[in-house]
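The same chain A turns up in both complexes below, where it pairs with chain B and then with chain C.
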Partner chain A sequence: MALVQNFPFITIVFSLTCGVLCAVLPGRGAKRLCLGWLALTTAMSGAVLRFTLTTDGSFLYRMGKWGAPFGNELRVGVLEALMATAFSGVMLLSLLGGMRHIFADCEPGKVNLYFTMCALLMSSLFALIYTNDLFTAYVFVEINTIASCALVMLRSSDRTLVATTRYLIMSLLGSGLFLLGIVTLYGITGELLLESIAEKVQALFAAGQYSLPLTVIIGFFSVGLAVKSALFPFHSWLPDAHGSATPSSSAILSGLVLKGYIIVLIKIFYRVFGLEIIVSEQVSRFLLLFGVLAMLVGSVNALRERDLKRLLAYSSVAQVGYIYVGIGLHSELGMVAACVQILAHALTKPMLFICAGGFMDVSGGHKDLAAITGAGLRDPLGGAAFSVGALSMMGIPFFAGFVTKLELARGALEAGPVTLGITFAALAVSTLLNALYYIPIVFNLYTRPRDGAWAGVRQRYHWEYAAALAAFIALNLGFGMGSDWVVGAIRRGLALFGM
Partner chain B sequence: MGFLLLLPILFPLAAALALCLRPLRAQRRRRAFTVAALALELGLTALCAALAGGTLPLLPLAEGLCVTFGIDGLGRIFSLLVAFMWLLSGVFTQEYMADREHLGRYHVFLFLTEGALMCLCLAANYLTLYLGFELMTLCSLPLALHTQTGPARRGGYKYLFYSVFGACLGLLGFYTVHTYGRGTAFAPGGVLDPAKVAGHEGFVAAAAFLAVVGFGAKAGLFPLHAWLPAAHPEAPAGASALLSGVITKGGVLCVIRVVYYQFGAAFLRGTWVQYAWLALALVTVLLGSMLAYQEKLFKKRLAYSTVSQAAYILFGLALLQPTAFAGAILHVVVHSAIKDGLFFTAGAVIEKTGQTDVRALRGVGRAMPFTMGCYTVLSLGLIGIPPLGGFASKWLLAEGSLASGIPVFGWLGPAVLLVSALLTAGYLFPITVSAFLPGADLDGTSAPPLEPGPWITLPLAVLTALTVLTGLFPGPLADAAAAIAAALC
Partner chain C sequence: MKPNGFLAALVRFAESGEFREESYALPRAGKTALDLDTPENRWLAAAQHAEKPAAARFAAWFARRGMAVFDSLYRVLSVLICCTLIGVLLAVVCFLPPFGSAENPTVNEVVERYVCHTVDETGATNAVAGMISAYRGFDTLGEAHVLFVAACSVIVLLRVDAGARGRRRPDPAQTGRDMEYEPNGDLILRRVAGLLVPLAFLFGLYVVLNGTSSPGGGFSGGALMGAGLILHAVAFGFERTERFFGDAVYHLVKTACLAAYALLMAYFIYMGANGLDDHVWLGIPGTILSGGLILPINLAVGLEVACTMYCFYALFRKGGL
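Let's look at the complex of A and B:
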């Protein structure tokens, strides 16, 4: 076994350790440890990605070398490694970009806890990506939930308290449904490892047994994870939570946490039930429908929103809709589109939230659209990054968002005429709405405030903010122009899923 | 000589960048810089048109998708037209906007929009065309928003809404061609692969229709025309002229590229797509003329007139017939020159007299005889009185329509064009009449001379001369267009 093959395990377990250490370190020390560890995990995940690409296969990692039913397995393929690399990189950049706000927003003496929660969150994301075991998935879903609630709440204010409570209730509802799904499935099959369950489920379906319970189980999983990933109509908690948290938290929650659950859903769909069963149960139709509705409702709400961060949060609702539309196309191309969108949105939305934090700095802490007039002039780098993000959201060629649109359209063209029509109409309208709320903001950023209005202050750049934004811009453009490589990797990864 | 293709695209961007880095606040220096840069750009475009050939693949985006530039006859005509009109508008702006605010920003976006249009003109595949279309919208939007008044803002965002929606429809065409064609590079006669299309004709035709409607939005094609009269008049006159005169032609170019170079005229001929397109174009012709006729605000009237005249061009293209195609190309050039000139006169008149309503322009011909003289010639050209520019193009359009043999539309088209020409006369000519012959109560009173300076009159004179020349000698241009059409239809 190569050394690299231990890395997924190391990233999960040592992220937990890192979280524990952060809890006892002072704020600055915790920050250094957390950032250093994230840089290291990014590098290690990159190494795993390289390994999987060169060997062109996936491998199983048995913790403690115990086999089923006692053991706990990780499964590592191209797709998992790609997601892990992207997620830990984005996590690092999001923390860097909002660092000043983290120290300003947290109560003094509690800053180290913020980094504790980030480390726990990262650990759970790694685990959700790599796990090959439903129960482990559930455990880390819970860790994920608690850590992300803490990330919202660490900015002490009444609003965040309310938002966190709502978030917690919705999230636990989702977890509960997910757990019910696992328990019922375990009751029927007596297995927890994905492959073993898959074998038994296929056999049951072939024999025509337990068809109603299996349908209900699929429902539990879909609804539970849809609630947690804020799919319409379960999105109402998201704007409050993401809109009121500190910029780094909003970036991490929007960019990564939502996607973690979706990755679990994709794994369950395609590695437990398999494509045919999902199609025959009509689940994908519902996902497509709600995905389309999310695209529209999220954008319409964003259009009416006057608070920049809440607007970005509503935009996340719409963008999550794109992912579900991709999944709902129930074809390999659709899945590719969904994975591309997971990455594209993970690269874009955190950048926008970090920019929003920068604009608040130069506009006296306000974040409503009127107050940030001219913020792009006072913070040129933030303005540039926001413009890149806005163009990407519109799906202009050269930017990450275009790749999603292209792949989604490719997937839709393979599907039936009704699906095709719905998807295209949704894409067109959603692009239009995106343009309608992002472009006026961009212009507003470059409009000088009216005479007499407070002109704001110029951005005092810190290397962390500047480096994070520069890296985000470069990654967005790189993804937009070098999509061949990424899409190729995703295809290989999905092929390893046994599709 | 592929790299030459990049010059006309990159040079305006460089000029915009230079203006960003070093805003020229002194009027004289900015004036010299702008005019020199625009003239140089015209020179570079001419150089590119004369020497460049082949295609230049630049940036691969994904498998089979590459930003590629190339030049052909159509690209030559359109790119030269753009560069020329931009130079004239740049000259006009120097006097017209001399004491306005935010001139630096205006000039930066003037250059950026020119770069985007060049990208559109020199696009050699659908992806590049789409990119150019989106860039054209985004770069020209600040021009429409320039005054930042309430109506300008509303008009500007309407423009954004319609254009992005149009672009989305255009993108559907892109996906369709990408799936059912042999690549998306432009080739006369289209690139659809009959083997792949077989069984999906209905869908491909629908996609072609939506692409026409979408890109047609930029040229004010009904039902996506409503943004045009809201956005064009609110911009400063120099920008209105470019928006109405040139950027609408960007939409026309996209329609030509998509229909004749991607889906292919043969695929669409005789289908419901062609009939629906013809119907939409004729509706737009009449609608624009009638709305212009009852509009009292000068610039808004001209904007409605653009809706109508751009639909002439789209009608000609919809006939899928060589003579009509030549007429459409000729009308692109003629309408561009005339509408630029009309907006220049409107800008000058409104600037000098402060009156935006056409009924308040009585007697203005005595104060500004040269400007209103040019206006008269230009409007006669737009109506289509021989031997001025509009006559030859409309003649070819009507001839092509009758020769096309399309039932109903073949003869209905010329009839509608005729009615619309009467309406055109009805909304343009009374302005001339009341300007020069204000009536008894104003007779004998002397008006103070308000004639604008040479920076305005010179571009006007050039455009008027161009209108006369294209009317007297339409031959070379019509032949060039016919040569292009021969390979297409």
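Let's look at the complex of A and C:
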């Protein structure tokens, strides 16, 4: 076994240890350790990606002496490695970009715990991406839930406490449903490993046994993970949590945490139940419907919102809708679109949140749209990055968001006429709505305030903020222009996924 | 925050579509009418005075009765949803395989392997210990870190920082904060605790060390030791407990335990995955020195659980360790 093949397990286990060490280091030391470790995990995940691409295959990694059904197992393929690389890179950049706010927003004695939470969150994301075992997924979903609530709570204020309470309640409800699903599924199959469950489930389905429990299990998984990833009817916790946290937290939560749960859902749908069962149980139709509703409701709410960070949070609701529409198309192209959107949104939304943090710096800490008038002039790099992000969200060619819309449209063309009509209409309306709220903000950013407010204020650039934004802009443009490579890699990954 | 106030805040939020600091600062428990003076509700006030189209009348009615209607609807709906969920779950349970039957799908080669081969493969006569610490040790590593992340979150939420600690304790009668009070040193409590605390530690240690050969292990033994620490703090006061178990000791023990656990597990996984011999002496089954890596793992988990339990108690009681 090549050394590279050990990297996934090393990134998971030692991210946990990195978190533990951060808890006893002083703030600055914890920051250095966490950033260094994240850079290392990005490099290691990149090496794994290169390995899977060159050997053109996936491999199973046995966690311990005993083989799969008795012990744990990781499964590493192109898609998993791609997600892991992107996620740890985005985590690193989000932390860098909002570093000043982290140290300003957290209590001085508790800053190190911020990095603890980030390291643990990263570990759980790696585990969710790589795991081949449902129960391991549940354990790391727990870590993910608590750590992400703590990330909101670390900026101590009244509103973050209320937001965290709501987030925790909703998130635990989702975890509970997910656990019920796992338990029931274990009861009727006796397996926890994804492939073994898949075999048993196919046999049960073919024999027509346990049809009610199977339907309910699919329902539990879908609803539980939809609550945690803020699909439309369950999105109400998201704007508070993402809107009130410190910019790095908002970036991490909307860019990465939501996607972790969606990856678990994709794994369950496509590696446990398989396309046929999902289609015959009508689940994909519900997902498509709620995805479309999320696209519209999220955008309409964003249009009414006057607070920049809450607006971005509502925009995340809409963007999660795109992912679910991709999944709901129940075709390979639809899945490609969903995966592209996971990456595109992970590259775009954190950048926008980091920019929002920068605008707050040059607008006296305010974040409502009226206060940030002219912020793009006072913070040119932030303004440029926000413009790039806004164009990407609208789906302008050469930016990351365009690739999603293109792939979604491609996927819809393969589907039936009704699905095609709904998806195209939703795409058109949602693009229009996105433009309606993002363009005025961009214009607003470059309008000089009438009363001459903040006249002499300029952003004091720190290398961390500047480097993070520059990297985000480059990645976004690179993704938009070099999308062939990414889409190709996702296709190969999905083919290995058993599609 | 009282539930009514919280609910009122939620409804205001839902109606205004905005997120304002003042909507959460409302201490108006039980008061359900909307405040018509806030800017977002001015249109409602205006609507009341205008000529009466249906929409305006509805808005006015909603401003008067909206909260009450929402409250009752909320209750009815939540009961309905719960009943539906209970019904669905009961229906599912009817279709599940009978509990404890030998023909269940859960009785398969995995369970057989755990029951038949735990002793010769892991060296533990307690099959549960063998399963959670060796076969599925990775999950348990995650579970130990769930405890850690929970403890850290409670620290974030409750620890009182900023110079207040470390100085002399303020007089609780003046500050009025009940977390400053020390236990009043009840004689009977102290005597009984003096007997019980060493026993609790001893028994906890016994359960941890014998986790490989009898029911128990790190989690249950650690809970016993944690209970011993809490009892000590309750009976003798925090100052006496802090002499041997303060912030520094807590962090040292906890970090050392978790790091050692992760290192052991990483070594075990790395060797196993790469097909190398891990040179772990499995020990003599049935004795304390058995189970290979399970024993040190149990010790690490036990200490970590004890720390976490005491940490929760101390944070809720006095806002610090």
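The criterion applied here is as follows: the second predicted complex is superposed on the first by the 492 of 499 C-alpha atoms of A that agree within 3 Å, B and C clash if a C-alpha of one lies under 4 Å from a C-alpha of the other, contacts with A are read in each partner's own complex, and residues count from 1 in each chain.
Here is the rule we use: a contact is a pair of C-beta atoms (placed from the backbone, for glycine too) under 8 Å apart; a residue touches a chain by one contact, two chains touch by 3 or more.
Keep in mind the model is a prediction, meaning the values are calculated, not measured.
Peer 1: Answer with first, second, both or neither: which of chain B and chain C does A:S299 touch in the superposed model?
Peer 2: Neither partner.
Peer 1: For A:T42, using the defined touch cut-off, is the partner it touches chain B, chain C, both, or neither? Pick first, second, both or neither.
Peer 2: neither
Peer 1: After lining up the shared chain so the two structures overlap, which partner does A:L212 touch, if you call chain B first and chain C second: first, second, both or neither?
Peer 2: second
Peer 1: Could you say whether A:L16 touches chain B, chain C, both of them, or neither, answering first, second, both or neither?
Peer 2: Only chain C is touched by A:L16; chain B is not.
Peer 1: After superposition on the shared chain, which partner residues are touched by A:P417: those of chain B (first), chain C (second), both, or neither?
Peer 2: first
Peer 1: Give one of first, second, both or neither to describe whether A:T348 is in contact with chain B, with chain C, with both, or with none.
Peer 2: In the superposition, A:T348 touches no partner, neither chain B nor chain C.
Peer 1: More residues of chain A in touch with chain C or with chain B?
Peer 2: After superposition, C is the partner touching more of chain A.
Peer 1: Where on chain A do chain B and chain C both make contact?
Peer 2: In the superposed arrangement, which is not itself an observed complex, chain A uses no residue for both chain B and chain C.
Peer 1: What part of chain C is in contact with chain A in the complex they form?
Peer 2: 1, 6, 9, 17-19, 21, 24-25, 88-89, 91-92, 95-97, 104-111, 113-114, 121, 134-139, 141-143, 145-146, 148-150, 152-153, 155-157, 159, 161-162, 251-252, 254-255, 258-259, 262-263, 265-266, 268-275, 278
Peer 1: In the complex of these two chains, what residues of chain A are touching chain B?
Peer 2: Where chain A meets chain B, its residues are 391, 394, 396-398, 402-403, 405-406, 409-410, 413, 417, 420, 424, 427-429, 431-432, 435-436, 439-440, 443, 447, 480-481, 483-484, 487.
Peer 1: How about chain A: which of its residues touch chain C in the complex?
Peer 2: Per the stated touch rule, the residues are 1, 6, 9-10, 13-14, 16-17, 19-21, 23-24, 61-66, 69-72, 107-110, 113, 116-117, 120, 123, 127, 133, 135-136, 139-140, 142-143, 146-147, 149-150, 153-154, 158-159, 162, 180, 184, 186-191, 200, 210, 212-213, 216, 239-240, 243-244, 301, 304-307, 310.
Peer 1: If we count contacts the way the header does, which residues on chain B are in touch with chain A in the complex?
Peer 2: 59-63, 65, 67, 127, 130-131, 134-135, 138, 141-142, 145, 148, 157, 160-161, 164-165, 167-169, 171-172, 175-176, 178-179, 203
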